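Below are structures written as C-alpha cells.
Okay, so chain A shows up in both of these, paired with chain B first and chain C after.
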Partner chain A sequence: MKQWNSRKTMYCFFVLSIIFLAVVTVIGYFSYDKAMVVDFSRKNLPPSFSYPFGTDWMGRDMFARTMTGISMSIMLGVLAAAVSSVIAFSLGIIGASMGKAADGFVSGLIDLVMGIPHILLLVLISFALGKGFKGVVTGIAITHWTSLARLIRGEVLQLKESQYIKIAEKLGHGKLKTAVKHMTPHLLPQVLVGFVLLFPHAILHEAGITFLGFGLPPEQPAVGIILSEGMKYLTMGSWWLALFPGLLLTIVVVLFHLVGDILGRLIDPGRIHQ
Partner chain B sequence: MRKEFLFILKNFVRMAILMFLVSIVAFFLVSVSPIDPLKVNVGQTALGSMSQEQIEKLSQYWGTSISPVRRYLSWAGDFIRGDMGVSLLYRQPVSRVIGVKLSNSLLMLGISWLISGIVGFSLGILAGANRGKRLDKGISAYALITASTPAFWLALVFLMLFGVWLKILPIGLSVPIGTEAAEVTIRDRILHGILPVLTLSITGISSMILHTREKMLEVMESDYVLFAKARGETGTQIVLGHGIRNILLPALTLQFASISEIIGGSVLVEQVFSYPGIGQAAVTAGLGGDVPLLLGIAVISAAIVFTGNFTANILYGIVDPRIRKARNNI
Partner chain C sequence: MTKQRINIILMMVMIILLISGCKDENTETPDFSSEIRDSVVVVMGVTSEPEAGFDPAYGWGAGEHVHEPLIQSTLTVTGKDLSIGYDLATSMEVSDDGLNWVVKVRDDVSFTDGEKLTAEDVAFTYNTLKSTSSVNDFTMLDRAEAADGTTVVFHMNRPYSIWPYTMATVGIVPEHSYGPNYGENPVGSGRYVLKQWDRGQQVILEANSNYYGEAPNIKKVTILFMEEDGALAAIRAGQADLAYTAAPYANMNIPGYELLSFQTVDNRGFNLPAIPSGSVSADGVPVGNDFTCDVKVRRAINMGINREEMIENVLNGYGSPAYSVCDKMPWYEPSSKAEYNQSGANALLDEAGWLKGADGIREKDGKRAELLLLYPASDSVRQALAADTVNQLKKLGIDGQIQGVGWDTAYDSAQSNPLVWGWGAHTPMEFYNIYHTMKDTGLAAYSPYANVRVDRYMDEALAEKDMGKSNELWRKAQWDGETGITHEGDIPWVWLVNIDHLYWSREDLNVAEQKIHPHGHGWSIVNNVDQWGWE
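Showing the complex of A and B:
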C-alpha cells in the first residue's frame, strides 16, 4: 500500500469541502417553502435543538432562511464565476495576442471597471436595471472578471516569449490558432482556479448589495437581507439573528477560498512533490 | 529628467481619459434606469392627485424629459466648472453634500487605510520570514479568515459586542444624538470612529498580508539572502537590510491600488454604523433615485481611486531604479 501523505489529506479535504458546499446548496434549495412559513406561536426563540439558528420576530425558522439564502448565494456565485471566467478568458487572450491596439483596449477596459469602487458599481448597475433581482444578478455576473483578466493577460504575455509559441508562429500558425491550440491548454488550470476563487468575491458582494437594500424584497431569504433585518433587532437582544447567518456565510466563503487554493496546488505539476 | 516628465504626463493623460470614460459609463447607467424619480420620491398617490401642470413642474425639477446626450453634455460641462448640480434629496448643491460627507469619511478612511497597510505589511513580513512555522500558519489563517468575512457582518458583531453587551462604545452615527454641532467634542468623534476604523482595518488587511508574504518568501529564497546568511547575518538583519528594501515598493503600489477596496468597504460599514459619510450618502442616493448625487459620488470616488493608481504608477516608474532604467533603454 502506498504511503499516506499530505497530498492525500488535501484530496480528502478537497472532496469533503465540495460535498459540504453541495449539501448546503441542495438543502437550502429545498427548504425555500419552509423558510417562508410565518408562525407567531414560535417567535423570537433563541437557538434550540429544533431551531438551530433560532426564530425571528415573525416566527420564521432562521436555519431554513439562512440555508436558502446561502444556497441562493452559491448558485448566483456559479453564474457569476462562469460568466466572469468566459469574459476574462476571452479578453485576456484578445488583449495579449491581437496586437497593441487590442491590448490597450483591454487594459483600458479593466482599469475603467476597476476605477469605480466595486460595491458602488454594483449600486449603479442595480440602479440602472431598476433595483430588482435582475439588477443584482447582472451586476454580480458582469463585474467580477477584471482581476482574472489581468492575470490571464500577464500569463499570455509571458507565454508569447516561450519557445514553443515562437516555433508555432514560425511554422505559420495564425495568431488565433496559436492562442486556441497552444495557449489555451496552458491557461486552463489557471482559469479553473480563478473560477473557484471568484466565488468568494461574488458571494460577499451579493450579500453586501442585498444588505444595502438593493435587489430583493425584504421577505425573501437572502443572506444580506437576513443580516440587515438582524441588525434592526440587535439592540433588542436577538443576537442569534445576525450571528449565525453571518458565521455560516463566512464558513462557506472560507471553504471556497480553501478549495480554490487546494485545487491550484493539486493541478500545478511543479508542486507535485510538496 | 525630461523622460520622467513625459512619463508623468502620459500617466496623467491616461487618467484624464479614464475619468472621462467613467463619467460616461456612470451617466449612462443612471440614465437608462427605469426608476422614475417622481414615483419614488413624490409617491404614486400624490402624483395621482396633482394637476398636469404640477407634474410637469416636478418632472422639470427632476429632469425626466430631456434627451440623455444633451443631459450628459450639460452635466459634464457644469461638472468641470465645479457645479455638480443640486442633490434632489438633500436639496443642496451636490458639491456641498459631497464635501460634508467626504470630510466625515476621509479621516476614518485614511486612518483605516494606514492601519491596515502598516499592520498588513508587518504581518506579511513576519509570516514570510518564518515560513512554515506556527507564526506563519497563524498569520496565513488570519488572512484567509479576514478575506472571507463580510465587512458589514463583522461590523454587526462588533456593534453587538461593544455597543449592546459591553456598552462601552456608541452604537452609531459620527456624533452623539441630540447635541449641537458646536458641542461635539473631539472625544465624541473619536469614540464614534473607533468601531468603523476597527472593522475596516481588520477586513482590509488580508491582500496586503498575502502579497507581502509571497514577496518575502521570494526574497528569502534568493541567492543574496543565502549569501547574507553565509556571511553570518542574523534573521533580523536579513529582514531589515534585504527584505524590506526589496518589497517595500510593490507593497506601496498595492497599498495605493487598495483605495478602491477601502471605499467599497466603507459603503457597507457606514451603513451598519449609520455613519453619515460618503458611502451612506451613495446608498441613500441609490435607493432614493437622487441621480445628481449618485453620479457625483461615483465620479468623485473614481477620481480618488484613479489618483491612487496614478500615484502608484509614478512611484513604481520613478522610484524604482530597475524600472527607470528599463524605460530609459527602450
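Showing the complex of A and C:
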C-alpha cells in the first residue's frame, strides 16, 4: 500500500467540498416551494429544531429560504462562470494568435471592461435588461471574463514562441488549426482552474446586486435579498435573519475558492511531488 | 515561542483597552432634559425630506403627500373633522355657475421679510403653480386675479366644488422674492421660519415671531431624517423626542417613551381590472384581465378577505379595516362596508362558473383561477399584505402569486394585473382620480374601469355649490342604491386596511389632537406642532 501524503488529504478535502456544495445545491433546489410559503402564525421565531435558521417577519422558513438562495447562487454561478470562461478562452486565443489588430482590439476590450467598476457595470446591465433573473445572469456572465482572458492571452503569447508551435506553423498549419489542435490542450488546465475560481466572484456579485435591489424582486429567496431584509431586523434582536445566511454564504464562497486552489495544485505538473 | 506568546498577550490587552475605551465614551449620552422645554426633535423617514425644498410648486405640502406647509400660510385649513376653516381667507364665495371663486384675504399679514402679504401674492402663487407645478393638478383653474389688495378671484375652467380643499394645501409665496432658489430659502408668512437645512440630515424650524395668529408653543422644531432602524436607535439613545416607527418594532419596551398610534386614512388596497384582456392602450400596454373582469369574482375576492386577521398578521394589530379609499372622511358612504364571508365568496365563485378542480384550485373552461398580485418592491408592508392576501385567496380556490415591481413599470402592469396601492387624502379629488374615466381612453386612469352613472355623480359633485350637497353626491357615486363602486356595485378596487401611523414619543410630550392622517407617514404629525407642549 502506498504511503498517505498531503496530496491525498487534498483529494479528500476536494471531494468533501464538492459533495457539500452539491448537497446544498440539491436541497435548495427542491425546497423552492417551501421557501415561498408565507405563514403568519409562525413569524419571528428564533432558531429551533423544526426551523434551524428561524423564521422572519412574514413567517417564512429561513432554512428553506437560505438553502434555495444559496443553491440559486451556485447554479447562477455555474452558468455565469461557464459563459465567462468561454468568452475568456475565445478572446484570449483570438487576441494572441490572430495578429496585431485583433490583439489590440481584445486588449482594449479587456481594459475597457476592467476600467468600469464591476458592481456599477453589473447594475447597469441588469437594470437595462429589466432586472430579474435574466438581468442578473447576463450581467454577471459578461463582466467576469476579463482577468481570465488576460491570463490566457499571456499564456498563448508564451506558447507562440515555443518550438513545437513554430514547427507546426512551418509545416503549414493555419493559425486557427494551430490554436485548436496544439494550444488548447495546454490551456485547458488554466481555463478549468479559472472557471472554478470565477465562482466565488460570481456568487458574491449576485449577492451584492440583489442586496442593492437591482436584481430579483424581494419575494424571491436570493442571498442578497435575505441579507438586506435581515439587516433591518437586527435592531429588533432577530440576529438569526442575517447571521446564518451570511455564514453559509461565506462558507460556500470559501469552499469554492479552496476547491479551485486545490484543483490548480493537483493538476499542476510542477507540484506533483509536493 | 515565548516571544510569540508575549506578543499575543500584549495584543489582547490592547484590544481590551480599546474596547473599554470606546465604552466610556458611549455612556455619555447628551442630556436633553435640562434644556428649556420649548423645542422638539422629531425623526421622520428619509423619503419625507422634500427633495426640491420648501416650494409649494414642487410638492411642498401639496404634492403626493399632503400636509400643512408650516412655513407658508394657506387660504383655508382643514379642521379635525376635515371641515373647511379659514387661515388667510376671511370669506369665500362661489358664483352660481361654479366658475368664479371670490376669496377675501386678511390685510394684517406680513411675510417674514417684512413685506405685506397681499391679494397679488395669492394670485401670483396660484398662477405660478398652474404654470410650473409638476405634482399638482391645476387644470380646473383658468387664472387667478387680484381684484384689489384683499380680494382674489379664481376663474375656473370648469366647476370645482372642492376648491377649498385645494386651497388648504397651497402655501402662499411672496411675489417679490420668489425665484429658482425659493425651495432652499423659503420666505412665507406661516407659523415657522426655516432656520437651517442640512440636506440628507436635518431641518430646523424656528417660530415666526411676527406670526399673525396664536404664537406657537414650541419655538424650535428639529426634524431629522432617518431609516426605520436608525430612528429606533435614536430613540433608544434618547436623542429624539418623537420618532416614526413601524408595526414590527411596536412591541418593544423603551423606558421613558410611549407608543402613539394614530388612526389614518392611509389605506392599502388593490385594483381589479374590470374589463377582459385583449386590448392594448395607445402606448401598447396590455389592458384588462380575464379573471377579474367578472364582477362576481371581484365581489368574491372582496368578501373572502378577512381584514381583521390581516391586520393582526401583518400590522400586529395597528390598523383598521378599509372598505373604501376615503374611510372616515365626510364623503364616505357607509354601505361600502363588506362583511367577511368565506362561504358566501365560495358560493359566488361557484355561481360564476369557477369550479374547484382536483388540486383545490378553481377552473373554468380549462383555465385555472390564477391571480398575479403585484406590489412595489421597496415596501415590505405591502409585500406582506400581498402575501397574506394570496394566502387568504388560496382558501377560496384561487391560485395567487406575488411579485415585486418597481414604480417604473408598476403603473403599466396595473392595467392588466392587480397591484397593491396606498392612497388616502384629505380631498375627494382622489376618489375622482381613481374611479372617474379619462376622456381619451374612456377608462379610469390606474385600473381599467368605467361606469357612466358613477362618472355623472362625480361631475355633479364637482359642479355643486353647497359642500354638504356635494358630499352627498360623492356618497352617491359610491353607491346610489342601484349601482356604484361598493361591494354591491362594481367593486373595481378592493380595500384592505388603513395603516395606523405609529410614533415613539417621550412620555411627557403632548402632541395635541391630531387630524386623521392621510397617506404618507411623514410631515402630517407636525401639522399642529405649534400646539404641542411639555408636561
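Simple rule for what comes next: the second predicted complex is superposed on the first by the 274 of 274 C-alpha atoms of A that agree within 3 Å, B and C clash if a C-alpha of one lies under 4 Å from a C-alpha of the other, contacts with A are read in each partner's own complex, and residues count from 1 in each chain.
Keep in mind that, in the parts below, contacts are C-beta pairs under 8 Å (C-beta built on N, C-alpha and C of every residue); 3 or more make two chains touch, one makes a residue touch a chain.
The model shown is predicted, which means the values in this text are computed figures rather than measured ones.
J.: Quick check for you: in the superposed arrangement, does A:W239 touch first (chain B), second (chain C), both or neither?
T.: First partner only.
J.: What's your read, chain B or chain C touching more residues of chain A?
T.: After superposition, B is the partner touching more of chain A.
J.: A:E229 in the overlay: touching chain B, chain C, both, or neither? Say first, second, both or neither.
T.: In the superposed model, A:E229 contacts chain C only, not chain B.
J.: Kindly classify A:F211 by the partners it touches after superposition: chain B alone (first), chain C alone (second), both, or neither?
T.: The answer is first: A:F211 touches chain B but not chain C.
J.: Quick check on the superposed pair: does A:V23 touch chain B, chain C, both, or neither? Answer first, second, both or neither.
T.: Neither partner.
J.: Of the two partner chains, chain B (first) and chain C (second), which one does A:I116 touch, if any: first, second, both, or neither?
T.: The first partner, chain B, only.
J.: Would you check which partner chain A:K131 touches, where first means chain B only, second means chain C only, and both and neither mean what they say?
T.: both
J.: Mind sorting out which residues of chain A both chain B and chain C touch, each in its own complex?
T.: The overlap between the chain B and chain C interfaces on chain A comprises residues 130-131, 213, 231, 234-235.
J.: Please output the residues of chain C touching chain A within their complex, sorted ascending.
T.: Residues in contact with chain A: 228-229, 232-233, 248-249, 252, 312-314, 377-378, 380, 383-384, 387-388, 390-391, 402-406, 409.
J.: Which bits of chain A are touching chain B when the two form their complex?
T.: 108, 111-112, 114-120, 123-131, 200, 204, 207-208, 211-214, 227, 230-231, 234-235, 237, 239, 242-243, 246, 249-250, 253-254, 256-258
J.: Which stretch or stretches of chain B touch chain A in the complex?
T.: Those residues of chain B that touch chain A are 17-18, 21-22, 25-26, 28-30, 32-35, 144-145, 147-153, 156-157, 159-160, 164, 171, 260-261, 263-265, 267-268, 271-272, 282-283, 286-287, 289, 294, 297-298, 301-302, 305-306, 309.
J.: Provide the residue numbers of chain A that touch chain C in the complex, in ascending order.
T.: Residues of chain A touching chain C: 38-40, 43, 57-58, 130-131, 213, 217-219, 229, 231-236.
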